[in-house]
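The letters A, B, C and D name the chains in turn, as written, and every chain counts its residues from 1.
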Amino acid sequence: MSAGERSLRARVRLPLGIGEVQAWQALGLVAIIALFVFYPLIDRNQGDVSSVADAGYFLLLVFGLNIVVGFAGLLDLGYAAFFAIGAYAYAMVASTQFNLHFNFWPMLILSGCVAALFGVILGFPTLRLRGDYLAIVTLGFGEIVPQVFLNLDKYTGGPNGISNVDQPVLFGYHFGFNPVPYYYLYLVVALISLVLLNNLKHSRLGRAWMAIREDELAATHMGVNPVTTKLLAFAMGASFAGLAGCIYAAKLTLISPDEFNFSVSVTVLSAIVLGGMGSLTGAFIGGLLLAVLNFKVLPQVTNWTHALGAALHNEAVQNLDLHYIIYGLILVLVMLFRPEGLVSTASRRAELHHAQPAASAAAAGVE
Amino acid sequence: MSAPLLAIEGLTKRFGGLTAVKDLTLNVEAGSIASLIGPNGAGKSTVFNVITGIYTPTAGDVKLDGRSIVGFKPHQVAGTGVMRTFQNIRLFAFMTVLENVMVGDQTRMHATPFDSAFRTPRAQKEERAVTERAMELLDYVGLASYAREWARNLPYGMQRRLEIARALAPQPRLLLLDEPAAGANPTEKRDLMGLVRSIRDRGITIVLIEHDMKLVMGISDRVTVLDYGEKISEGDPQTVRHDPRVIEAYLGKGA
Amino acid sequence: MATFLQQLINGIAQGGMYALIALGYTMVYGIVELINFAHGDVFTLGSFLCIAILALLGVSASGQVIGGWQGALIALLVILLAALLCGVVGVLIERFAYRRLRNAPRLAPLITAIGVSFLLQGVMRNWKGPSEISFPQFLPNPTFSYGGVHIDARELLVVVVSIAMMIALQLFIYNTKLGKAMRASAQDRDAAQLMGINVNSTIAWTFFIGSALAGVAGFISGMYFGTTMFTNGYQAGLKAFTAAVLGGIGNIAGAMLGGFLIGIVEAMTAQYISDQWTNVVVFSILVLILVLRPSGLLGEQLPEKV
Amino acid sequence: MHRPLIIVVALAVVAAGCSQQSSQTSPAGSVIKIGIELPLSGADASIGVPTQYGAQLAIKQANEKNLVPGFTFQADVLDDVVGSRHDPAQGAKNVQTFGADPAVLGVVGPFNSNVARAEIPLSNSLQLALISPANTNPTLTKGPDAIAMRKDHPDQIAYFRVCTTDDIQGPVGATYEYTKLGARKAYVIDDNETYGKGVADEWEAQFKKLGGSSLGHDHLTSGQQDFHALLTRVAGTHPDIVFFGGNSSTGGGLLRKQMPDAGLGSTIYAGADGISDNQFLQDAGPTADDVYVTVASVNATKLPAAAQFLRDYQAEYNQPVGPYSANAYAAAMVLIHAIGEAVKGNGGKAPTREQVLDQLRQTKDFPSVIGTFSFDANGDTSNRIISIYEAVKGKWVFVTQQNFTGAH
């Protein structure tokens, strides 16, 4: 091992409770953050920046659901409902709908709070339910919420939704339709979220969530209050969706009920499982991958097949729609070959165990 | 004379038509090791489950330090300083060994969700203290070098010890051990006896469910024998060992 | 009163359809504890296959009606073939997408099931195009009326077939060797294995039967609605799964009860509240019932083993 | 930890972003791009793809006929489907992608009203022409919401549409059905989507104004297939007409098909252009007879240009036109015409987007395959001719056409 190599393996303590990592990992982390910070300056295409910015709301959804499903092990199939609630919470008081124009920034927090409140309201009746019964109730909730927004057309604009949602203004700077400020807003919120989530994960509450996930009965015998612990998971998870909904509505200036359907919930859940349950790095990677796939790659695929078919004068190729097939195949194949997700702390540690039984009890790191 | 730490008075638990425990009265003195023995299905685990709040008794009372804990939820029972292990090991498989023990210390922690999310100085201090205590406990049960392992990766015997360490985390007043020696080899059993004694010497009262007569007779201060939910004998190991009703119940098995 | 009875009939007919799909859901769940999201799409595939088989037999969507024994024979042949093909598809799905994951983390097979659902939709989309496609209405459809209440042959068909299937399934599971193996595997897979039951083939048979039932449902629904579309599986599967959970998942009579209940609730909501609130009412009732009985209407309330 | 994985992902993100850039050619060349922004996959493809073909056919013919000398047109197609259906956020991103490419001088699209609501403010802000072949909801161009959507450039509209709006189509239908068919008691059903609910509300308002009564107005639940319960309720009120606002794909045909089961077989059934397609005839089968629909364009058989378009389309794509193919063709043609005029005004050089917009706003009496039209101050078409069709023996038969005069 050369001196350079050794210094790369030296341990560096990162701030904000992120923990201790090896030097090369710290360098990598800095490089990635730098990449994200400078990305809008590299790519001048507004459509692309807008796509990557929208990956931001998707990532927030993934982070939030990761608390509920990944940390606390509560299978939630109706998570998009909280996204809808956050978006409507902001849009109803900051648009031409009622000619109310509340300021974006306090509403950002408040949307999160409103969603959290509904998280508790939904969570309460489900406390006694186990596994898949919980899944179906949350799925039902996910069907009910957009339908209610659709049906209460006097307040929500019905199928038209709410247009002309106010865009944020920060110290006199109007965000407007420029995706770059939204990109940075998402970046800041996502980075703060990651730090907070990492803190939570390695805390009293985080351990209580995971204990409930692993064995609820044993957890309660260790003094974990299942009611508050689960409700906190629902509330905190929902608050992320509320936050995401608020920024989403402001960026798009429009919301309508069919943007919050089951496929949103499913995609977010897939991102978590694909990335690796309960792992923050996994949630991040899974979220980014699915966002790129859904917002960038799959819409392009249709165009490619159309173009290819037109070039070949082959009607069958031209009418091909590979959207579903590609997406389905990715989900199936990843799960078949990496059932624990792309970033699997579980299998990694297991491997480590076999290699060196007395693994060092070094200080905490990012999982 | 001071009141017993744990007092079970006239406890009855019925499941439908089946009476699992019938009119059981049992006192456990502070600082002692009490054992609960009896054939399979005698209702031993049911007693534990009633004490820890999984089941509410059909009749009778359970008092800790003179205060009834009937109707407490499991986490509230834990809050009073009663911890337990399980017959079939119930560890948090995908958490590290260290984290398992730290979960055990929940009841003594005060960090609010806000503290946790923002790592307030208060939370950091508490977290450090809890980590330190957990490491000490792991050292105590001989698992310190496995602190960063997944609990599920430990061999069976170590999992048993980890479960005990987890239950010891909040310095409980009463520790309920449900067949800790099940599946252990003679060496492990000997080590376990030493461990149980040393826990008692830390001032923790222990109630033990166990099948291994040699182990029970070797460490118990007092033994209670259950058969079909009823107490058939009680006393120090010597008395119980020679009680004809016990011999009858075990018919060729023990003693 | 006539309106109420008519709505009851409407609800039972629609509910029968849900029940028929729910049977497959509940069987698969009972044995492998997997929410088989692809089941709804196997059902849609069933109706697609029926159209293809009918086309091979020369029956098209032109509206020709084939009465008498010929019609019945064609119907029987189509049902059998569709059931067989769907069953095979179900077995293939289990073999290639689920079996490997039997001991994987709990959510992995769920995501795979969602993936398979997308795959099936993609295949159907490219097979028959993105629009609604017609299902040949080749059977005569006499209507019976009494006191202002109408019921037609198609509605009778739905109800009769779904109840017959439930009874057949019940008899099968309690009286045949394979049925007993299924129950044993559902109870405790490892123990069943030790008892000499071939768990792999038992699970494969479960998927076969469940998917075959979906194929039957595909035919019935095609006859009842007259059209089908590659995305239909989602809504149908959602309601059927809700029915299965409502009745107590894993319980065959429960799936039936849940299906009829949802159908009736929908019909009554459309009559006495408004059509747009049907889903809200159905899912609210679901939440309410599960809060009161966390294991569903006929589900066993199993205490956790400690 | 797997840091390298993150880097790979991050690079993939950037690469995906940059791939777009490499295809950007400078406007200095003689290529002018026309954006096409429609839902092209999933269930939406059935209606989106034929619409796309309509626009592409126009572009191809413009090149063949060298309509704008010195320039070739190129279609740049983007899909707005995410997951399984059209997505406003994706539509907005697509418009931004077009906006970032200086070669794109105008866009044909979008298809869906909620997508339009996300794109109109953007196109207004970017001053990039957006011409919809299919949005019929009146509130997109008229009323306070519409004005608010033009926030960045209130006086410089950038959104146009070639189809007549529902506040014209609905009332014309209601008037016909009230006066000519003698309907008095109506039951209104819609699919609870922007278009369907909009047109149903307009129809109902006019029907009541004329003196008819509305016995009820129900909204369907999306994905619903069984309407027996709803129809039993409808039958209980004994209407002489059932009006459906919505599309064939949202239940228009199935609803009609199930009406006889509830004893409504001889009740008149009416709808708007959403059910004026072959899909409806196919879904409803023999029950399609006595169904009346309005279509917001002139009768194609009376326009030679339209007949030619139908032939060309069939020859090019070997399939029948979709309900909005001709609209898309007309939208692309009016855009190409405006670009041509802008090129002329710019001395033969490639024009700016503003110059193209200027020309579009001035569009007057443009002859197209859907009739001759101008754009009014809101960007709406002046074409207010509504045709009425009746289904007879599995075919749509032209009944009459009316030029809507305004007052309603």
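Everything that follows uses one rule, which is that a residue touches a chain if its C-beta (ideal position, glycine included) is under 8 Å from a C-beta of that chain, and two chains touch if they have at least 3 such contacts.
Fair warning: this is a prediction, and the values are worked out from it, not measured in the lab.
Enquirer: Determine, using the mean of C-alpha atoms as each chain's centre, which chain is farthest from subunit B.
Expert: Centroid comparison gives D as the farthest chain from subunit B.
Enquirer: Out of every possible chain pairing, which has the most C-beta contacts?
Expert: A-D
Enquirer: Could you grab the centroid distance between subunit B and subunit C? Build each centroid from C-alpha atoms only and quote it in angstrom.
Expert: Between these chains, centre-to-centre, one finds 48 Å.
Enquirer: Report, in whole Å, the distance between the mean C-alpha point of subunit A and the mean C-alpha point of subunit D.
Expert: That gives a centre separation of 34 Å.
Enquirer: On a C-alpha centroid basis, what's the spacing between subunit A and subunit B, in Å?
Expert: Distance between chain centres, rounded to whole Å: 41 Å.
Enquirer: Touching at least two other chains at once: which residues of subunit A meet that condition?
Expert: Those would be 147, 150-151, 217, 319, 321, 323-324, 346.
Enquirer: Any chance you could list the residues of subunit B touching two or more other chains?
Expert: 54, 86, in rising order.
Enquirer: I need the residues of subunit D touching at least two other chains; which ones are they?
Expert: 42, 45, 84, 192, 219, 221
Enquirer: Using the touch definition from the top, list the residues of subunit A that touch subunit B in their complex.
Expert: Touch residues, subunit A against subunit B: 16-17, 196, 199-200, 202-208, 210-211, 213-215, 217-226, 232, 236, 278, 346, 349-350, 353, 358-362.
Enquirer: Quick one: which bits of subunit A touch subunit D in the complex? Just the residue numbers, please.
Expert: It is residues 21, 24-25, 28-29, 31-32, 35-36, 39, 42-52, 54-55, 96, 147, 150-151, 153, 158-161, 163-164, 176-177, 179, 248, 252-254, 256, 258-259, 261, 263-264, 267, 281, 284-285, 288-289, 292, 294-300, 302-303, 306-307, 315, 319, 321, 323-324, 342-343, 365-367 of subunit A that touch subunit D.
Enquirer: For the complex, give me every residue of subunit A touching subunit C.
Expert: 69, 75, 125-126, 128-133, 135-137, 139-141, 143-144, 147-148, 150-151, 217, 262, 266, 269-270, 273-274, 277, 319-332, 335-336, 339-340, 346
Enquirer: Which residues of subunit B touch subunit A in their complex?
Expert: Interface residues on the subunit B side: 52, 54, 73-75, 77-79, 83-84, 86, 90-95, 98-99, 102-104, 106-107, 109, 111, 113, 115-119, 123-124, 126-127, 130, 135, 144-150, 153, 166-167, 169-170.
Enquirer: Would you tell me which residues of subunit C are touching subunit D in their complex?
Expert: For subunit C paired with subunit D, touching residues are 3, 6-7, 10-11, 13-14, 17, 61, 63, 125, 129-132, 134, 137, 143, 150, 152, 224-227, 229-232, 234-236, 266-271, 274-276, 278-279.
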